[in-house]
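Quick one: the structure is below, questions incoming.
Chains here go by letter, A, B, C and D, matching the order in which they are written, and residues are numbered from 1 within each.
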Amino acid sequence: MISQHRLLNLFNDTRAETENICSFLEIEDYVVQPVVDVSPPKWHLGHTTWFFEEFVLKKYQEDYKLYDPNSAYVFNSYYESVGDKVIRTDRGNLSRPTVAWVYNYRKYVTRELQDFFSNNPELSKEILEVIEIGCHHEKQHQELLYTDIKYILGNNPLLPVYNDIFEENPIEDTPPEWIKIPEGVYEIGHKNEDFSYDNELGVHKVYLKDFEISSTLVTNGEYLEFINAGGYSKVLLWHAEAWDWLNSNNITAPFYWHQIDWEWHQYTLQGLIKLSAEAPLSHISYYEAYAYAQWKGLRLPTEFEWEVASDKFNWGSRWEWTESAYSPYPGFKTAEGALGEYNGKFMVNQKVLRGSSVATSRDHARYTYRNFFHPHLRWQFTGLRLAK
Amino acid sequence: MISQHRLLNLFNDTRAETENICSFLEIEDYVVQPVVDVSPPKWHLGHTTWFFEEFVLKKYQEDYKLYDPNSAYVFNSYYESVGDKVIRTDRGNLSRPTVAWVYNYRKYVTRELQDFFSNNPELSKEILEVIEIGCHHEKQHQELLYTDIKYILGNNPLLPVYNDIFEENPIEDTPPEWIKIPEGVYEIGHKNEDFSYDNELGVHKVYLKDFEISSTLVTNGEYLEFINAGGYSKVLLWHAEAWDWLNSNNITAPFYWHQIDWEWHQYTLQGLIKLSAEAPLSHISYYEAYAYAQWKGLRLPTEFEWEVASDKFNWGSRWEWTESAYSPYPGFKTAEGALGEYNGKFMVNQKVLRGSSVATSRDHARYTYRNFFHPHLRWQFTGLRLAK
Amino acid sequence: MISQHRLLNLFNDTRAETENICSFLEIEDYVVQPVVDVSPPKWHLGHTTWFFEEFVLKKYQEDYKLYDPNSAYVFNSYYESVGDKVIRTDRGNLSRPTVAWVYNYRKYVTRELQDFFSNNPELSKEILEVIEIGCHHEKQHQELLYTDIKYILGNNPLLPVYNDIFEENPIEDTPPEWIKIPEGVYEIGHKNEDFSYDNELGVHKVYLKDFEISSTLVTNGEYLEFINAGGYSKVLLWHAEAWDWLNSNNITAPFYWHQIDWEWHQYTLQGLIKLSAEAPLSHISYYEAYAYAQWKGLRLPTEFEWEVASDKFNWGSRWEWTESAYSPYPGFKTAEGALGEYNGKFMVNQKVLRGSSVATSRDHARYTYRNFFHPHLRWQFTGLRLAK
Amino acid sequence: MISQHRLLNLFNDTRAETENICSFLEIEDYVVQPVVDVSPPKWHLGHTTWFFEEFVLKKYQEDYKLYDPNSAYVFNSYYESVGDKVIRTDRGNLSRPTVAWVYNYRKYVTRELQDFFSNNPELSKEILEVIEIGCHHEKQHQELLYTDIKYILGNNPLLPVYNDIFEENPIEDTPPEWIKIPEGVYEIGHKNEDFSYDNELGVHKVYLKDFEISSTLVTNGEYLEFINAGGYSKVLLWHAEAWDWLNSNNITAPFYWHQIDWEWHQYTLQGLIKLSAEAPLSHISYYEAYAYAQWKGLRLPTEFEWEVASDKFNWGSRWEWTESAYSPYPGFKTAEGALGEYNGKFMVNQKVLRGSSVATSRDHARYTYRNFFHPHLRWQFTGLRLAK
């Protein structure tokens, strides 16, 4: 369990980092929601704040005065069990509360929580745990801020630049090879005392056949071969529903790729650049990952294979699609109360991604982390590593 | 034809008034588009400016330098024949260009046009006409600014106030009576030399049976009787498609009406107020206007009846639904070129509204004006006057 | 008013003719509903029968025993005020009652009505009128049977033949010329004692400017010139909503036209044939009629112009789109009770068609008849005659 | 491998049984498709026949003459790689080919295949295998015939009876108890030489923690307690997407349940009956199975747990939802060619069901069988068995 002192530092750093990410935005960028999966930055700022107000201050600080009972509820997200909320598709329709209001709300709640720390030097384990969850919850939203900002700017016909320092295409210098893992019973799950989500808990054994996994991620250049070989029009490479998705949405390349005068470009947070053949492939759906693997006569790893082999290769620039559906580990129990809504209720029709990405907060990544998305989604920094 | 001197005044006043309307907004309010019929205020500001740049400066001013060739095109609206455009449903997804950019764009184009006036003291009739159209086009968007701002704020759960001076519910002091108009052949259409749109032109004769028309608009109080008598659930009062619309959208009262603790309220640009029984009914669809008339055993006037009788009563606080479908007058010809897209292409499946509303620019109203909307729309200040 | 004797003949002929139309069908053809506008032939057979049971026998014949209280209600159509009904889109999902059941139902109701005639030799005017409406109602459904059968067979990839005697493409031998009609006040509406619908009543005067109308319908050959001149891709020829319709549905030719090996063919009730350049154009929407007229620099007639000029030309092979929206004539009142739902409730967003078509029951056509459809619909035998 | 002699018997029995299932239908019942998941019985009859024509006769019988090259292609299903096909949602719009045509088609192909057997007494293993797949493919469609017929009749407002001998609610007499299975490594997958699908192959080991599984299926009576306890309105019991599904579709009970005068009834193939509390629950979605288990504080078994424990309990009246997503077994490879489309392409976003149901052809059931459906589907005979 984290100490109260370290938790306060974590809290302060996290709150500051969120605002740092947004410091490159214009006010208008905070407001829009071009598709339902993307939330307005303003909403992320408010929602991560609402979390501390709703689950910590309102519950544990005596005589806590809500910053604004009439407005804060618009930052509830999916917590069906906690009062009214603005439906998700409407987030981009709300011009009020303003961005200035949200920053004041943040300042107020941050200050109140800092005071709560000072005034209660020995907070209970229960309270520390909720605050720790709140910090990691906000770190998750930091990643979403990057990807949602990329969507908001990258789908604007003017393709504006976010800033010129965010590097999203680190080139790997690992030599490509097949890492062999022998057959056997392995332990899976989060084992130490550090923070983890409930969906990683329940250490348990799995039996794995021997397998091989690539030391490197698939690159843009490798994926271009697939495109040039007509991969997007070979029906037998694709899942049935992938084929429908492809055709209804006219998908012929990864997200954010633009072909201009016969040359491939890519929109990045630094603006439009020429596609780098060496950079790791990004912004692909599970469907595309699977079809590419089929075309190579290979496959995606399961999440268990990934976890077992993960100390044998470098990871961290792309969320890596696995073949595993997102399901509960043996013994998983939904927590009591509203925080119990956190993970269990998404355990259907999603695929597990392992690793982390260039947008992940550094101390938020760990090799047991189970991320999950619907198989058609592409706005995250998603890539793939092959297995056989 | 308007003189160049008066036109310059008209131009200056119009440009200033548009900005005055927006002076009560927060930056965030300029950006959102909660439904497709509503455009972001930022877009209105840019679009009315683009009109002058596209149809005047670019065409008639030598060596005109576009303010920004990469950005301005996002303010094209429906002019299919003038290059690329951002599709209408996407207007609310664009955070860039920013509001500040748009105000600079306005300033630049306004200044360029003023210079164009000074440098060319004897502009041709053709040019004067296009500029005059541009001014009236901007006045139309002034009205849309009011109604779109009302939608943006009035559909926010916080129901914020626009300002506290815009009076949208003027009480009529006219005594209610039936005005009789005798049978006969009447002349219809715009007759003098003042500005009008092409859809009002083509003075022509119509034969009218004798009819009677009310001296007053239907009030909120009168409409409440219809609601309380179960008007919204009596199928025989409604058009077939109105009945479907009613049921799919759960319509049980005019737009912006809220029943709070059994008492009726109305959102106005001054905020939420108690419903005034004496105020003229507003924000109803044609379907509701028709059903109310059916319930009273009366009917709506045609646009011809309205025009012929219009000097016998006061009008101007509500756009008044008529029974007339929006069709070309005899001899109507679509103008050549892009401006020809203006009116003709909407002449199907819309109903004519006559008069003007509290949101109409004062010198933009005239008794021959033909406004038109789809029958289900309610976000304009629409009301009704009965006939028999 | 029709005599009881003639009405019995009309009734007998009508009932027989409906079954004659269906005699060319397989049982399977009676059941399907490929789009919502098309009803299964089984439904037409049942619905026209239900009309007589519901509005005549149940109401006026003492001790009438319903054929089957549990089944007959599935043949209610749009009469919202008469009990439960199967929603329209579900008609093609019902395999029961069977076709055999429906024919027995018809036989039963026909027999009962014939007995009702014999047992009551002096039926009241009110009853005679309802029965007369029932016969004309059934004649309308005879036309729909032809057009719905054409849709059912013509959208089957096997393009089966209905029969080889139904001639839908009579060639006109009228010389093309412009018929001139002078300016003046004209009388409009149904004037004699013969049957008409309520929407034709209310003889009234209209003032018409002088105009010219073509003696002939537009032919396939003439329309092909429009296609070959790129008419479907010239945005300025089309209404705004027509343009959307065109693009969302990939419309590039009239309905039932097939281009096979670069040669135009047309599906007809006699099967697939080569397109005849001389035959009158058919199966076009109002949008296409309008765009064609725009392209020619001409226009469609109003329904009043059509009616006034109609004794100067031949008509009867195509329903002719007019520019007129479907609105009530002066003095139109919705009838009391369920039959009052008949016409008034469709008087919004539809266009009037005048004349009649090759599918219209011969004694059902008259020059004052006001047919109406939504402007995008094409499955009727619709054509156009130009005016200027 | 099955012998040629036994395969011929299997073929003959299978073909006859399919027609036996349809012998209770009216012609009209063969044609309709009330929802996309349900296919018209006519289509099943044709499609299972087309399979033998396409994959056996056309490929292996010299000079084989297609029954009808113009029509048979409408019975291709999802084999994207084998020529044109009628899109799935259109199957219910096709009145032709007729039912009589389809029966003749069946007769022809059955006869040809029987001749093929006689003329080639020593067919190759490859050919025998394809024919065997064809028989099991047809048995799968036999089950779909039952469930699709139930849908077609059970969603008709007349609720007609299919026949009075099909018993779909066998009461279990097993005493309810928890069966304990110890922790360990188990072998999974199809082991013997009998027929199986490719998705069951690849015998492999899994590590299971000790668990308990119920000896009985959940009954209607037990599920009613969940309903009466407000289970359908307790958000925390449901997956997030289940909650959306519930609310958009107004789901408040299993499919085919009808509350009439406060008493629960169930539509069965024998018609509407009172709900039996002892009968095994049927026609529930995975979502409902999961929510029920959550409410009991229990869970669904994984497919591996189910397979390991399956010889300890009776199964066979309901397809049993498991917690497992449908994924490839280790070493699974998509077969070459069109038959390779069979299973792999559905391995995303579906849940595995184990066991078999009252509608499953008896010799088609085995304990390694992996059935799969989307989690919201309910028209199959689906039930649940709890684990902990």
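Everything that follows uses one rule, which is that a residue touches a chain if its C-beta (ideal position, glycine included) is under 8 Å from a C-beta of that chain, and two chains touch if they have at least 3 such contacts.
The shown structure was predicted, so the numbers you read here are calculated from the model rather than taken from an experiment.
Enquirer: What's the minimum number of touch steps needed to get from chain B to chain D?
Expert: 2
Enquirer: Which chain is most remote from chain A in terms of Cα centres?
Expert: Farthest from chain A by mean C-alpha position: C.
Enquirer: Just the number, please: Cα centre separation of chain B and chain C in whole Å.
Expert: 37
Enquirer: Report the inter-chain centroid distance for chain A and chain C in whole angstrom, where each centroid is the mean of the CA atoms.
Expert: Here the centre of chain C sits 58 Å away from the centre of chain A.
Enquirer: So the centre of each chain is just the mean of its C-alpha atoms; given that, what is the distance between chain A and chain B in Å?
Expert: Measuring from centre to centre gives 45 Å for this pair.
Enquirer: Going by the touch rule set out above, which residues of chain B reach two or more other chains?
Expert: There are none in chain B.
Enquirer: Using the contact rule from the top, write out all pairs of chains that touch.
Expert: All chain pairs meeting the touch criterion are A-B, A-D, B-C, C-D.
Enquirer: Enumerate the contact residues on chain D facing chain C in the complex.
Expert: So the residues of chain D touching chain C come out as 26-34, 42, 70-71, 74, 86, 90, 92-99, 152-153, 155-158, 160.
Enquirer: Chain D touches which residues of chain A in the complex?
Expert: Answer in residue numbers: 78, 80-81, 185, 204-207, 209, 235-236, 238-243, 286-287, 290, 294, 299, 323-325, 327-328, 330-331, 334, 340-341, 345-349, 351, 375.
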